[in-house]
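Some structures to go through are shown next.
There are two complexes below, and they share chain A, which is joined by chain B in the first and by chain C in the second.
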Partner chain A sequence: MAAADAVSWYEASARQRVAAFLDADSFEEFVDPTERAMSPHLPLFELPRAFDDGIVVGRGRLDGRPVLVAAQEGRFMGGAFGEVHGAKLVGLLRAALDGKPSAVLILFDTGGVRLQEANAGETAIAEAMRAIAEVRAAGIPVIGLIGGRAGAYGGGGLIAGTCARLAVSEGGRISVSGPEVIETNRGAEEFDSRDRALVWRTMGGKHRRLTGGADAYVADTVAAFREAALDLIGRAPAFDRATLEAEQARLEARIARFGDCRDGAEIWARLGINDPDAVPAMTDAAFLETAAGVPEASHDAR
Partner chain B sequence: MPGKMTLDQILASLFPAGHSVGVTDGLITGEGPFGGGRLVVVGLDGDTPLGVEGALVLSRAVLDAIKAGESAGSRAPILVAVDSDSQRMSRRDELLGLYECLAHLAKTLLLADRLGHPTVGLIYGHSAAGAFIATALATRVLAALPGAHPSVMDLPSVARVTKLPLDRLEAMATSTPVFAPGLDNMVATGAVHAVLDPAQPLDGQLSALIADLPAGDIRDRLGRARGGRPVAQAIAERVVRQARGG
Partner chain C sequence: MPDWRSERAARDARLEAGRAFAEGKVVVAESVTDLLEAVLRPGDRVCLEGDNQKQADCLARGLAACDPERIHDLHMVQSGIVLPEHLDVFETGVARRLDYSYSGPQGARIAKMLYGGKIALGAVHTYLELFARYFVDLTPQVALIAGVSADRDGNLYTGPNTEDTPTVVEATHFKNGLVIAQVNEIVERVPRVDIPGDRIDFVVEADTPFYVEPLFTRDPAAMTETQILIAMMAIKGIYAEYGVKRLNHGIGFGTAAIELLLPTYGERLGLKGTIATHWALNPHPTLIPAIESGWVKQVHCFGSEVGMDRYIRERPDVFFTGSDGSLRSNRAFCQTAGLYACDMFIGATLQIDLMGHSSTVTQSRVAGFGGAPNMGSDPHGRRHPSDTWMKAGREAQMSGDPALMRGRKLVVQLVETFGDGLVPTFVERLDAMELATKTGLELAPVMIYADDVTHIVTEEGIANLLLCRDADEREQAIRGVAGYTPVGRGRDRVKVEALRARGVIRRPEDLGISPLDADRSLLAARSIKDLVHWSGGLYEPPAKFRNW
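Showing the complex of A and B:
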């Protein structure tokens, strides 16, 4: 395994991310692949199965502190939530309630619900959101890390929005309806899903960070995600009415201020960024400097 | 099967003495007297898609109910009545952070539940995908009325994505509840706890649900017992058990 600062989060597998993200050799997997916990439903569709159903869950240490970790594998069925996949995440979150770790980290890489197991996946997403609320209410931060090739789409986006803190890289995308879904339902005039630049401007990591939709923007390395997670664990908001009132005000203000904008670049201009068209091509360092000057980015009640 | 109940019929059955529940742009908000206290109602009517504005109207109403509960010292039950489309699918909604707005709405319901407000979902029409997760599925117990039609995705869309012929999917749907749209299948997975009887007064049926709220999230247990999610509960328990050991 290469050093964490050299491993691209986007390119790495779920297992590579977990191994390089946690303290060396500290990871212990639950329901590991030798248990062959595979989807009971995919054979009906004549689709191949995975021994881990596309998600790795377990415990480890982060800078010495005990944490629970779930990592989705975007290269298996787009990291989508099936019955087993979802149940592993739900089980991990429930385990946090009696294990009292320093944090639960969710390494998102998902297109959302696995359609072949749609009802099970959708229900598991609801169960995960309820469990996150309980874990957060118990004072345990739940942190989402988003920088995988599948992004955090559909129900994955809703779970991300339930987390106490989010870190995102440039390649991370967070959204409910994906570009293809919008195009299929509303036409290419509404969303041309092949226009990759449009996808980044609408739901990419830089846009999310500038508008306060994520709490940290990081370079595409495991080391950068690790550093961000350590920082975010230390400043996770409580799960109470004050936090949700603040989030309500934050989201209402965003819609009032940007509700008539048609494009991310229009929003960035309104945020006071001098050359919004330069944002997509900015280096990570230059972008971080720009984001630091945008007050909306730090309005982060969630 | 009788035709589906309309929102007006549901409200009349819930509140024989009248209520202040109204619908604006498909968004349901209001309350009425219930069981010696009051019942707060939020939701979506008329197959309405849920976008950023709508989610924040409903979350505002839930936060107001929580605030009122703090000063009143009693926590009113909250009914989430749903006949919706999916999330509103648009570039603008995603640009403005629909994932945050939908998750925020779900969080207000989950917080209300934690603070002691009984939260009950009632699906009486359609609902799908993100709109379903952010509303009815974020309650402690979800009831349905006959004629309700929850789905994640309709079968023609599933056929397009999975590249399987529609007639084959339709045949599979009759024997496999895990992917097919429809109320029976969501009951089988445990997402819908109970189906109410439209011929009986709803206030009594809702009171019975509230009196018998499950202590925790029992949806995976129901899914196992009903056969719609055969392995979820066992897998989640295995994770919990292994996390306890060592």
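Showing the complex of A and C:
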């Protein structure tokens, strides 16, 4: 395993991310693979199971501070939420209320709910959102990190929306309905899922950062995500009525200002970016400079 | 008095009939069908330029709209059956006979129409074979071709995708045929003359730019560690072993992985300059890191690749380019180069049998051959030596006087033991044979015959078939690298171990390769975006390959 500054977040597995993200050798896994907590449903469909059901949860240290971590494995069934997968995340969040860590970190990499165990998966999404609200109400920041191949889609996108802060890389995507779902329901004229440049202009990391959907934009390395997480823990908003009202106001203003836009690039132009068509090809450094000049990217809501 | 000019007279009559729809040589897109109905005669041999990549799609739509009462029973002679219109003409009766090479995207429909008797099939060819027959017994009476631009005199600029055009025009024009070109625009002066205007009879300004398929782009993000392991074995066990400098790669992920390992793994092995310097290859985006790292001296191309134009323009030391700066490709010449001037072909296939015959045919698809059988065959007409060629010849130990020994071309199959959907690559009997029986083909569609294959590389190891001395050894060598497929499990363990002791089979560990080292971090580029960075921003990938 190479040093964290050389490890690509996008390329790494969930376990590689956790190992390189936390302080060296500080990770202690809950319900580890030797316990064989596997999906009870997948065998009905003759589908292979994973010993960890596609999620790694546990505790560790981040710059010396105690944290809880959940990391989804996007390479197992697209990181989708099944019964066990969801229960591990919900259990971890509830444990935070007892253990009082400095933060809970969710390393998203998911297409949403696992179709083969959809009811259990949907329930888990709802339970996870409620648990996050309770954890945040207890004063513990919940931070989402999004830069994996599967993005944060479906219920994963919903859970991400309840986090105190989000960090995203260029390859990361955040949305509820995926490109194929939109195309299937509304037609290719509405959204051409094979136009991948369009997908990223609509759901990708740069777009989410520019519109304030994510609070930090980072390079695709484990080290960059670690640095961003430390920063975001330090400036997580209070979970109170004022924050929620600010978030509501932010979202209302956003839909009023951009609701008629047909493409991400139109929104960027309205945000005052001089050459919106150049945004997708920008290097990380050039993009950070551009994003710094966009007031909408920063806010104190959520 | 025999009439020695009947073909010329017929050509003149067609030209005259066509002029009613033209202004000089120029025809508007709306008049294409009128023009074609005027110049075509029932039973004509017609080449409708459908290449591996570019498509004369405007002319194809015009031909498909022809009235079958007037134009029928055409004999289509074209390398690619790619667009739906290429087969629509057989549904309507406009065309009846077909001789072709490659039908990738239409493979399923062509199979159905063959079963249904809609198409009278002559033969499925390789590119070079079909081109050769253009000059012997399949000379077109009318050719419908595609270019980027033309002037009013018909001087034609094909752009980077020259592909089949010069060959088609040569055969048609110089044997009393008529040539109609579709172009994206009519210009005052073309950037360069790829086809002189006196060989073009009519120019159609197309309604939309001609279609080009990005066939040769492999996304590094989709490369697996198994493919990387296979690529490492090939580099160490074959490229380095034989000192392969002149070569052609197939279009699969395995060979794309090799391209991406040259500047990393190849560099570490100290192989730069000693292997993979001269290529007959389309401009694969995955070759960019090797080019930028100074591995590649020269590349000649069959066609171009979508998004590579600007990059190629800036690398004229490596690619063949015209006075305008853009790529000049030529399928016929590049196929010849691959056949005679390359010491190795390495590519993938879908099925390999116990003797090493391989095929990309499945029961419901007739994909055709394209160029692989020419690239992947040992040309008996070759008369120039090279160290690589001679070493392979010595290993094959041909019988007779050693002073009369000749070399061998390396023909390497790079496959995973299980393909898509966990279908075994190794089989007792090729699906191609079933298809031949069902469709009444005289010749089973074998892509590469066993006697041309020299090596098979899988994640389990390399089988060197040159060193096999009889059919039984050959079968065990193939079983010995066939992994957990039924063919692999049917191996004779003792014989396989004996072959391994002789170096006929070599495992990763025999080559000093640990499978645990086969990691994606070895790839010089792990995403399409990395390729853009390597190219200094010159490579412009099509939207479907982007994730930004």
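Points to keep in mind about this one:
The rule is short, and it goes like this: the second predicted complex is superposed on the first by the 301 of 302 C-alpha atoms of A that agree within 3 Å, B and C clash if a C-alpha of one lies under 4 Å from a C-alpha of the other, contacts with A are read in each partner's own complex, and residues count from 1 in each chain.
Operating definition for what follows: a contact is a pair of C-beta atoms (placed from the backbone, for glycine too) under 8 Å apart; a residue touches a chain by one contact, two chains touch by 3 or more.
Being a predicted model, the structure only gives us computed values, none of them experimental.
Touch counts on chain A: comparing chain C and chain B, the chain ahead is B.
Of the two partner chains placed around the shared chain by superposition, neither chain B nor chain C is touched by A:D231. Look at A:G171: by the touch rule set out above, it reaches chain C but stays clear of chain B. When the two structures are aligned on the shared chain, A:D23 is found in touch with neither chain B nor chain C. After overlaying the two complexes on the shared chain, residue contacts for A:K206 are found with chain C alone; chain B is out of touch.
Once chain A of one complex is fitted onto chain A of the other, the partner contacts of A:D284 are absent, as it touches neither chain B nor chain C. Using the contact criterion defined above for the overlaid structures, shared-chain residue A:R302 touches chain B, although it does not reach chain C.
Common to the chain B and chain C interfaces on chain A is no residue. Remark: chain A residues 2, 8, 10-11, 149, 170-171, 194-200, 204, 206, 280-281 touch chain C in the complex. Chain B meets chain A in the complex at residues 52-53, 56, 59-60, 63, 66-67, 70, 87, 89-104, 106-108, 110-111, 114-115, 129-130, 132-134, 137-138, 151-153, 157-158, 160-162, 164, 172, 176-180, 185-186, 188-191, 217, 219-220, 223, 228-233, 235-240, 242-244, 246. Within the complex, the chain A residues that touch chain B are 28, 30-31, 35, 37, 40-41, 44-45, 57, 59, 68, 83-84, 86-88, 90-92, 94-95, 98-99, 113, 115-127, 129-131, 133-134, 137, 152, 154-155, 157-162, 174-177, 181-182, 184-186, 190-191, 202-203, 207-208, 211, 213, 239-241, 244-245, 247-248, 251-252, 254-255, 258-259, 261-264, 267, 302.
On chain C, the positions that touch chain A within their shared complex are 221, 520-521, 526-527, 532, 537, 543-548.
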